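Read through the structures below before going on.
Note that chain A is present in both complexes that follow, paired respectively with chain B and with chain C.
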Partner chain A sequence: MSKRKFFDGLLNGITYLFSSLGIVILALIFVFIFSTGGSTLSFDLLSEDYYSTNYVVRYSSPYEGGNYVYSPSDNEYFSSKWGIALEDTTSIEGTDAISISYIDRESPLIDGLVNVSNSNYHHLEIGTYISTLLVNTEDGRVLSSSVRNGAEKMCETLNQAQTITNMNLSRGGGGIKGSLISTLYLILFTLILLLPLGIAAAIYLSICAKDNKITRALKTLIDMSSGVPSIIFGLVGLLIFVPMLNGIIGSDGHSLIAGALTMTIMLLPTVISTTKETIDVIPKKIINGSLALGASQTQTTFKIILPNAIPGILTSTLLAIGRIIGESAALIFVMGTQIQDNIILNQGSTTLATHIYNLMGLENPNTSLAAAIAIIILIAVLVLNILVKLVGLYFKKKGLK
Partner chain B sequence: MNNKDITVAKSNRVRKGFDIFWYRLFQIITILCASVIIFVIIFILIRGLTPFFQSYDIDGQSYRVNLGEFLIGTTWFTSPNHYGVGYIIINTIYCVILSLLIAVPMAIFSSLFITRIAPKPISKFLSIVVELLASIPSIIYGLFGMGYITAFSKWVAELFNVQTAGGLSTLSVVLVLAFMIYPTITMLSVTSINAVDKNIINGSLALGASKTQTNFKVVLTSAKNGIFAGIILGVGRAMGEATAISMVSGNANSGPTFSLFDITNTLTTAILRGFNDTVGLDYDIRFSVGVVLILLIVGVNIILNAVKKRIGEKSR
Partner chain C sequence: MDSIFSVKNVNLYYGDKHVLKDVNLEIYKKQVTAFIGPSGCGKSTLLRCLDRMNDLIDDCKVEGEILYKGKDVKNYDAMDLRSSVGMVFQTPNPFPMSIFDNVAYGPRCHGIKNKKVLKEIVEEALKKAALYDEVKDNLKESGLALSGGQQQRLCIARCIAMKPEVILMDEPTSALDPIATLKIEELINDLKKEYTIVIVTHNMQQATRVSDYTAFFMLGEIVEYNKTGELFKSPKNKKTEDYITGRFG
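Up next, the complex of A and B:
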């Protein structure tokens, strides 16, 4: 008896151990993603371009210097001569940077800087990063300063300057606005194609079709395509949709529309089976009642079956959105991995997931930005999961009444 | 016949026409949806077989790839026209088997815990954890793999005094795969254990078997068909997984790799690599790898389903 107890205890112990492993893995994933990306995640990240715009400017007429007043905070340095304050910060990408935190309205720099490349006046804005500075002093010396020396040194250099020979400015950069918009477009276009096809096929299979060999074959074929790995769909998209769209919408290789088409054929089985499940459980007497009251098959389909299938349609829409947000392998082939700031429908771009793939494939993987995007994806997936549950609960309650 | 009857008859005809129109439209759409898989296979097959039958112009001379050499080759590419996926096939199967060795026990124990052992709140919590794990996209598993799992592999390798390529190794691939298929197998196992007849369980308990004995000897045996279905699904997912693995595999150029700490290569990573080329043999050969992947998945599925049938018959 004690031997049996021992073995029971042992097996139970192993069970506890293995079951807790799942929780440990999930916790580790969350810890990793949030500890690496949490500090990078900000609202700016969502609204900024990925590529920064760089300017080289100069200020060539000798400047006597004004006497501007400003009370700088802890890590700010104010140049009373030029009327601007500099600040040590980190850029959106997480590297060290010096940004302009304040410009006096009377400062000569605000509209007086000349762009070296096109000789136009450059309007200086708060938030611009300064990477290098090269100045001439009154007594003819040349001084320079860069990001590495910090804001204090850069400010000292500015205070001694009579003319600015060369100043490297950059604005923005490191954001994911483009990928975010691209993901939203992809979701929109995929759903526009996917839902009508999926719902029509679901209605046909569960209501209209006769139960014969052909119908069963169609069902088997649709089930089979749900087992095909996504990378194969990527190859198919590359073979069929990319050349086809090159001719139709004048794309050159990768395009967002090709991505939407590929996601459509990939997600059809999911949508069909989820919708079909709800249509299958609509009580036959409702449908027969509608037909008996003189409604045509068409009227019954659109006024009785479709409204009753809404929970299934909603669930499959949410599932599809989740899959689109998370998909990477197939989209790498049909949409490419080139990050874009302006999304054009007949050009390649990255979704959030392929943006991560691009970042991690770089020579110096940008893990913090990748993890910040991963947080966004995780939150989206979580919210979608909860919504699926809520939809189920809501319609269950409604059905009981 | 008065005017009203004519109108009714007319409207009936129109309605009938509408019905037929929608019926045909839905039928055509369904046939289209079902034929996707046929198109997929035909297109991949045609393009994938091209390198073996058509000559390619490389540096002024024409070449084609030898099919036999391709299937048993132990080096990915030897200039100008020798490709081999033999070692990649072996690597893929090896990695999948090892990941199953980790994921299957984990999944079976977890599903038993969720359904039979844990108190309700804990069981509910664990189900949510498993569902969450299932819904995390592969790119995040890949990112996690590059961050923590490669570091873990490196640490283990150092315990054995072995060098790794920064943690990119078979072990990392196996762990990532195991974590990814664990929720799939667990969810299906939970469903099938829940479906076990309560009378069998009560019978076993009444005959004097302890709760644990019942769980392991009666419940698991009765649910093994469902658990096996979960394993088959997990194997399919593991073999088709691409991005996550490609981030931790290290893309070995030759093999096969049996050491846990050496870099490796699977069929999907081979397809994913060099996706930037657009023409030529190097581009087309990836479709051939795609054909091999499809055939491997279909083959493994057929074998596993036969095994499942055998097990099902035995238990009767």
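Up next, the complex of A and C:
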């Protein structure tokens, strides 16, 4: 008796240990992601372009120089003549960059620079990057400096300048607006293809198809193919859809439409089997009741079967959205990894997930942005899962037999 | 007496299984015909032949002739045939929608959209099915919220809304309690003024109470077919006598 108790206790202990271990590891992952990406996460992130905007500006009226005061920190270099401080940093794309870390309120550069392309005055803001600088000195020499020479050299060049002939600035960037829109488009176009195909196939299989060997083989095939790794669908997409679409929609290799097609075939088995399951539990007697009243098969399908299959269709839609958001391998093949700000349907782009892939493949991986996107994906998937539960509860309450 | 259905030399197979064997039967207009017999003898199968619900069963093969108003059922459009020959099932099967929509379902499927017309049809059908007084204030409620007996009367109303000539009932009271059963039986007695009714039942008393003609089935054959009174009073066949006196079955 006591021996049995001992083993029971031991087994329980082991169960608790492993399950708590699992929970701790999960918690650590969340803590890591949130601590790395949390500070980067902001509304601006969602609404900003990924690539910065470039400006070419000049300062043509000869400038005598002021005597501005600022105490620069370690890696800052201050030009007391122009009243701005420069700093070596890395850009969002992960490359070396020089950014403006301080501008004196009286500095002539704040509103004195003229945009070369449209001759408007350019308002200079802190955080702007300077990539190249071309100046004239008082004694007529031409000096130049670029990112490669570092902030210190750039600052020296600036100090000797009387006029600025040409300064390349860039601003903004680092946002995920493009990838967000691309993800939404991908979801939209996938669902437009996926739902009619999936629902029609489910109706065919559970209602119309004769119960014979071919039908059964088809059903088994569909059940099995929901377990096929996504990269295989990606390969199929790359080898079949991409060349096919090049001819049809005039894309050149990767495209969002190819992504939608690939996601459609990848998710079709899941949608078919989830929908089929809900159709199969609709009592036969109700379907026969409709037919016995002289309703046609089509009327029965639209008035009886489809309304009763809505829970399954909704659930599979939500699950499909979740998988589209999380998919990466297949999409890298068919949509590429080039981040875009303007989403064009017959061109490649990144979704949130492949955006992360891109960021981590950079020379200097942008971990904090990657983690911020990871948080967005996690929240989206969480919300979808809660919705699935709510849908289940709602229809259970409504008590469709 | 006018017959509305003439079943002539019907043989029916489910795959290799020979289920109906040389069945011959006349079903008379505005009469109640009962099918009785032991389980598995093919009563439901013959009933389903009359409105071609057997079409829905894979590898079901029917041989012989079934004339409905002089024309073989095969030559009817199945949907037209089923609008004219309604069916009530063993377990009540209201659709998961409101009481009104349940009754309006058939007419709507046949293209009636006018709200006023639909309302009249629904009310009339519910009245004929003796359900109107019980549900008139909550026609918008789900048909599933009714009791079993009410659900079965709803299904009868749904059938009546199609203005059929024949109503087929397959053990319509087997899932109901005695009081609900009685109500349905009273209803059948009312309905036979207007409709031809064919009812499958396992209940001998029910057959004597509601039917004018009775067919006794065994192993896919009609053993005896006669006026109900005569069949039960003086069965001509030994098997019939054994069955109705409860000696087997």
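The criterion applied here is as follows: the second predicted complex is superposed on the first by the 286 of 401 C-alpha atoms of A that agree within 3 Å, B and C clash if a C-alpha of one lies under 4 Å from a C-alpha of the other, contacts with A are read in each partner's own complex, and residues count from 1 in each chain.
What we mean here is this: a contact is a pair of C-beta atoms (placed from the backbone, for glycine too) under 8 Å apart; a residue touches a chain by one contact, two chains touch by 3 or more.
Please read these numbers as outputs of a predicted model, since none were measured by experiment.
Room for both chain B and chain C is found when the two structures are superposed via chain A, with no clash between them.
Set against each other, chain B and chain C differ in how many residues of chain A they touch, and the higher count belongs to B.
Applying the stated contact rule after C-alpha superposition, one finds that A:315 touches neither chain B nor chain C. By the document's definition of touching, neither partner reaches A:79: not chain B, not chain C. Residue contacts after overlaying the shared chain place A:268 against chain B, while chain C stays out of touching range. Residue contacts after overlaying the shared chain place A:225 against chain B, while chain C stays out of touching range.
Once the two complexes are overlaid on the shared chain, A:347 sits clear of chain B and of chain C alike. In the superposed pair of complexes, A:157 makes contact with neither chain B nor chain C. In the superposition on chain A, A:291 makes contact with chain C only, while chain B stays out of contact range. By the touch criterion defined above, A:182 reaches neither chain B nor chain C.
No C-alpha atom of chain B lies closer than 6 Å to one of chain C in the superposed arrangement. Comparing the two interfaces of chain A, the one with chain B and the one with chain C have residues 296, 299 in common. Across the interface of their complex, chain B is touched by residues 4, 7-8, 11-12, 14-19, 21-23, 25-26, 28-29, 32-33, 36, 197-198, 200-201, 203-205, 208-209, 217-219, 221-222, 224-225, 227-233, 235-236, 239-240, 253, 265, 268, 272, 296-299, 301, 322, 325-329, 332-333, 337, 353-354, 356-357, 360, 365, 367, 370-371, 374, 377-378, 381-382, 384-385 of chain A. Taken together, the chain B residues at the contact with chain A in this complex read 15-16, 18-19, 22-23, 25-27, 29-40, 43-44, 47, 105-106, 109-110, 112-114, 117-118, 126, 129-133, 135-144, 146-148, 179, 182-183, 186, 210-213, 215-216, 236, 239-243, 247, 268, 271-272, 275, 278, 286-287, 290, 293-294, 297, 301. Partner chain A is touched in their complex by these residues of chain C: 51, 53, 56, 58, 79-84, 86-87, 89, 91, 93-96, 105-106, 109-110, 144, 155, 158-159, 162.
Taken in their complex, chain A has these residues touching chain C: 210-211, 283, 285-286, 288-296, 299, 303-304, 307-308, 399-401.
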